[in-house]
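The structure follows.
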Amino acid sequence: MKSGIFLFFIKRAVQDILNNRFLNAITIITIALSILIVSAFGLFFVNINDLLDSWRKGVRIIAYLNNKVSQTEILDVKKKILQIDGVAAAQFKSKDEALKQLKERMKRQAAIFENLRENPLPDIFEVQLSATAQNWEKVEILASQIETLPEIESVEYGQQWIGRITGIFNLLRFTGSALCAVFFMASVFIVANTIRLLFFSKREEFDIMQLVGATEGFIKTPFYIEAILQGIIGGILGIIVLYISYVVVVSNVDQGLSSAFIQIRFLPIPVTLLIIACSTFSGWLGCYLSFKQFLNT
Amino acid sequence: MTDKGNEDNIIRLFHVHKRYATHSALVDISVDVARNELLMVTGPSGAGKSTLLKLLYLGEPASEGQILIDGINLARISRARIPFLRRKFGIIFQDYKLIPSKTVYENIALVLEVSGYKSSFIQKKVASVLRTVGMEERQHAYPQSLSGGEQQRIAFARAVVGDPQIILADEPTGSLDADSANIIMNLLREYHGRGTTLIIATHDKAILRKTQGRTIYLNDGRLENKIVNIEKKPAITL
Amino acid sequence: MKSGIFLFFIKRAVQDILNNRFLNAITIITIALSILIVSAFGLFFVNINDLLDSWRKGVRIIAYLNNKVSQTEILDVKKKILQIDGVAAAQFKSKDEALKQLKERMKRQAAIFENLRENPLPDIFEVQLSATAQNWEKVEILASQIETLPEIESVEYGQQWIGRITGIFNLLRFTGSALCAVFFMASVFIVANTIRLLFFSKREEFDIMQLVGATEGFIKTPFYIEAILQGIIGGILGIIVLYISYVVVVSNVDQGLSSAFIQIRFLPIPVTLLIIACSTFSGWLGCYLSFKQFLNT
Amino acid sequence: MTDKGNEDNIIRLFHVHKRYATHSALVDISVDVARNELLMVTGPSGAGKSTLLKLLYLGEPASEGQILIDGINLARISRARIPFLRRKFGIIFQDYKLIPSKTVYENIALVLEVSGYKSSFIQKKVASVLRTVGMEERQHAYPQSLSGGEQQRIAFARAVVGDPQIILADEPTGSLDADSANIIMNLLREYHGRGTTLIIATHDKAILRKTQGRTIYLNDGRLENKIVNIEKKPAITL
């Protein structure tokens, strides 16, 4: 019985969509467009984030060992470093290795190194940070923690660079998230407003149905179904258009980006589903607001 | 639900007023309508006939006074009960109030769907009522594509399809030629014969003359009961 | 006479907006929201661009002079370098200066330099590039052009770094512009669709006016004015909301960003005007499409 | 503009057909209406009365046949000329067709604004026509807040405010009580007396009986001219 009624309501909703094809097409397109906007920005933001992350991964602390540390003590030092909270890995590099690398890096000034009698460089540890520790304040704290170890002469980390990156990170994260929130809310309201405009043309129908004894549930249910269907369809359409654009863009861009180290990825499935869910919710909200306004008899 | 003392009066109005922002549409109306009565409401344009009907089905709330429908006080009815109150009525609206986006069939079926009837029953019932008003071929047409009189017949069909306790007919033959009007009036009388309470608002002299029943006369929102009865009674006997 | 008629039309348009306050409010809000989306993204994009530009400004070519170049020839070399197309400036740095800087940069490895008998470094020119030359291919070409000068021993430029930056630049520019275009078109359609939904409720009115002998111009003009007004009002509202958000964000962010080298700026006035113009155009378009559909009697 | 040979026939229909998707509304109608004639169109519900009027003001195009209005062939009229054709007519629509978002005053003034009259003239003219239909106090009301008969009177006022050459009145008194109907019919006759061509579609026997003029009878889309005249002429002499 109950499921029969529900089927009847779904039938009525679908019929109403078909009866008002023009209006519904316009509504669904509008919904799809606003979902497209939100999800396109989401996609952009996710990939910018990936990019920033990949840069940030490069942040590491160099710990210089003092000369007194013997070959045998090195493992102990490593253990101590690894025990510090926020350290992900520590890689030992002997003074000879370091000199070799330095020579390589400074090919042009190689002349400098020709006159060396002995290697003046210290042994070092390259300390990699865990993801949570990759912000400026954390890096500073970590660095000073490492420096307090007796075996460590001094530490180095690209202070200015990290400062810069952190500032930009914060700015991007902040404005990006703010934009996401704004876009999201704007879309919800656009979708809801569109549904309201759509249902405005139904006032008469609502009124007449009430006059022939329809309960509010009887009137509302099919329209809620309709609004939700439109939200779902619009949301899915928006995501599909985004995906197609994504595929086209990626296939064109990746050649020019072969040298780059980042890979453009699509929105993760959960995010996609969340977006569609929000589109659906917006449809519901528009319907709710419409009824709140039109059905006050 | 039924109030014992007034079991025979399905509709009772006590000193009802209806005021709009700019003026009064009804002033101090008190009327009782007995179960299965046929009451005619007449009066000039703007007298308040439609407003009076509107108050009965809660199309508007009364500004003052009490209205009892089948023992239910409309001033105290809960919002959720209003649809059930309205199902007691079959209403022919003066302006038809057909839903433009639904076909003739759908418009009429709606009344039965609202009450949760089975679809096989609905089909049979709607087909039969369409046949009585001679519109079975146009069941898939939309209201705008019907002539005025055809729309009015659909409005009649929708009003009676649910076999309501009370039929409110507001100018039910205004757009109909004499023959069609007679058919509709005879159908209304038939429903009356089967026990339905009938209230007809009209200024059609021919109908007033030909229809047996009490007539009340509204003028500028006021009831002028006696005057009409005097004026009309001889008209029937002519 | 003509201006009288126009005044009459404007009066009718304003009256219609006031008569349908609810619908018009919803329409204007929707327009404002979509303009907000476009302009917010525009603002984001403009500032990201600024950021990228400020980084790119750092790209320079280091030209190492060979030992045979005498002090007197240096001015000649500078002239030659400056003559190359794409060079914006060239700054001479003597070998002593270079060593001093190197020592500073490599404090930790300062021990290396203590044993030097003579300065092994060459004199250099730091070559700054003009804005148009700041992409990878151009930099390479310029570098090889400079290298062909007889006085130049070799050149150095952050190949990998520039490659990276260029790839990311291109990607950001490309997707950013694409997003701008998508957002823009989406907004135009959202605005147009909103106007269409709004005017859908006017069909009856259009019909009746036609039946009492109104010319199409008589019917359309006030609605065009109405749609254009809505476009303008919605556009301005969107920009105002963006500006307020901008001020709030900037005043909150700038403290945390005191270390950063970029300054967040608002959209340039011409862009703002363009956005409002487009909003207006969208209103017009919606009106045009509505009439195309509804007035075919 | 005027076709010499038919100068006295302001409206001419030659073998006009009107077909809708499912059926024919008018079949082979040929009628001439003389300048300043008063023509009544009657027939049962759905006969095609409203459709016939609709063809005249190009509310719908004819499916077949020729229609000449004041010498203009409607089949060949350019789109841009249609508004000017329509200004020859004053039309009382069966369903009134008042603009719901405009007040009574604005609805009536619209007809004059459309033709570019000065606003001071419009104000005077609208006020005067509102007075004649007894609705001057309701000029700022919206149509939905008017009773059926009041709306019909506004529809009448709008039809005549522009002093049109031809008045098409589709059931102009269907929602009016006898007194109001008489007032409206007398006003129509007055316009006729001043030279206006008048076509009234109605099935109100009282009006047909009381109004002098030619009557044509439509049935199922076909003209049954002679039968009506025979039926009616005696009715008038009664």
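Read from first to last, the chains carry the letters A, B, C and D; within each, the first residue is number 1.
Heads up, the rule we're going with is that a residue touches a chain if its C-beta (ideal position, glycine included) is under 8 Å from a C-beta of that chain, and two chains touch if they have at least 3 such contacts.
Every value quoted in this text rests on a predicted model; they were computed, and no experiment measured them.
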Statement: Ordered by label, the neighbours common to chain A and chain B are none
Field: Centroid-based (C-alpha) most distant chain relative to chain C
entry: B
Statement: Taking each chain's centre as the mean of its CA atoms, chain A sits from chain C at a distance in Å of 22
- prompt: Using mean CA coordinates as chain centres, what's the chain C-chain D distance in Å?
  reply: 62
Query: How big is the gap, in whole Å, between where the Cα atoms of chain B centre and where those of chain D centre?
result: 30
- prompt: What is the distance in Å between the mean C-alpha positions of chain A and chain D?
  reply: 67
Query: Which residue numbers or ranges of chain D touch two or more of the other chains?
result: none
- line: Touching at least 2 other chains, the residues of chain A are none
Task: Indicate which of the five shapes (line, ring, star, complete, other) describes how the chains touch one another.
output: ring
Query: What chain-chain pairs meet the touch criterion?
result: A-B, A-C, B-D, C-D
Message: For a test of understanding, state which residues of chain C touch chain D in their complex under the given definition.
response: 5, 8, 16, 19-20, 204-205, 207-216, 218, 297
Task: Provide the residue numbers of chain A that touch chain C in the complex, in ascending order.
output: 22-23, 26-27, 29-30, 33-34, 36-37, 40-41, 44, 47-48, 51, 64, 102, 108-109, 111-117, 120-121, 154, 156, 163-164, 167-168, 170-172, 174-176, 178-179, 182-183, 186, 189-190, 193-194, 196-198, 200-201, 245, 249, 253, 256-257, 259-262, 264, 293
- prompt: Of all residues in chain B, which touch chain D in the complex?
  reply: 20, 22, 42-47, 49-51, 94-95, 141, 145-150, 152-153, 170-171, 174-180, 203, 205
Query: Of all residues in chain D, which touch chain C in the complex?
result: 57-59, 80, 82-84, 86-87, 89, 91, 93, 97-102, 110-111, 113-116, 119, 158, 162
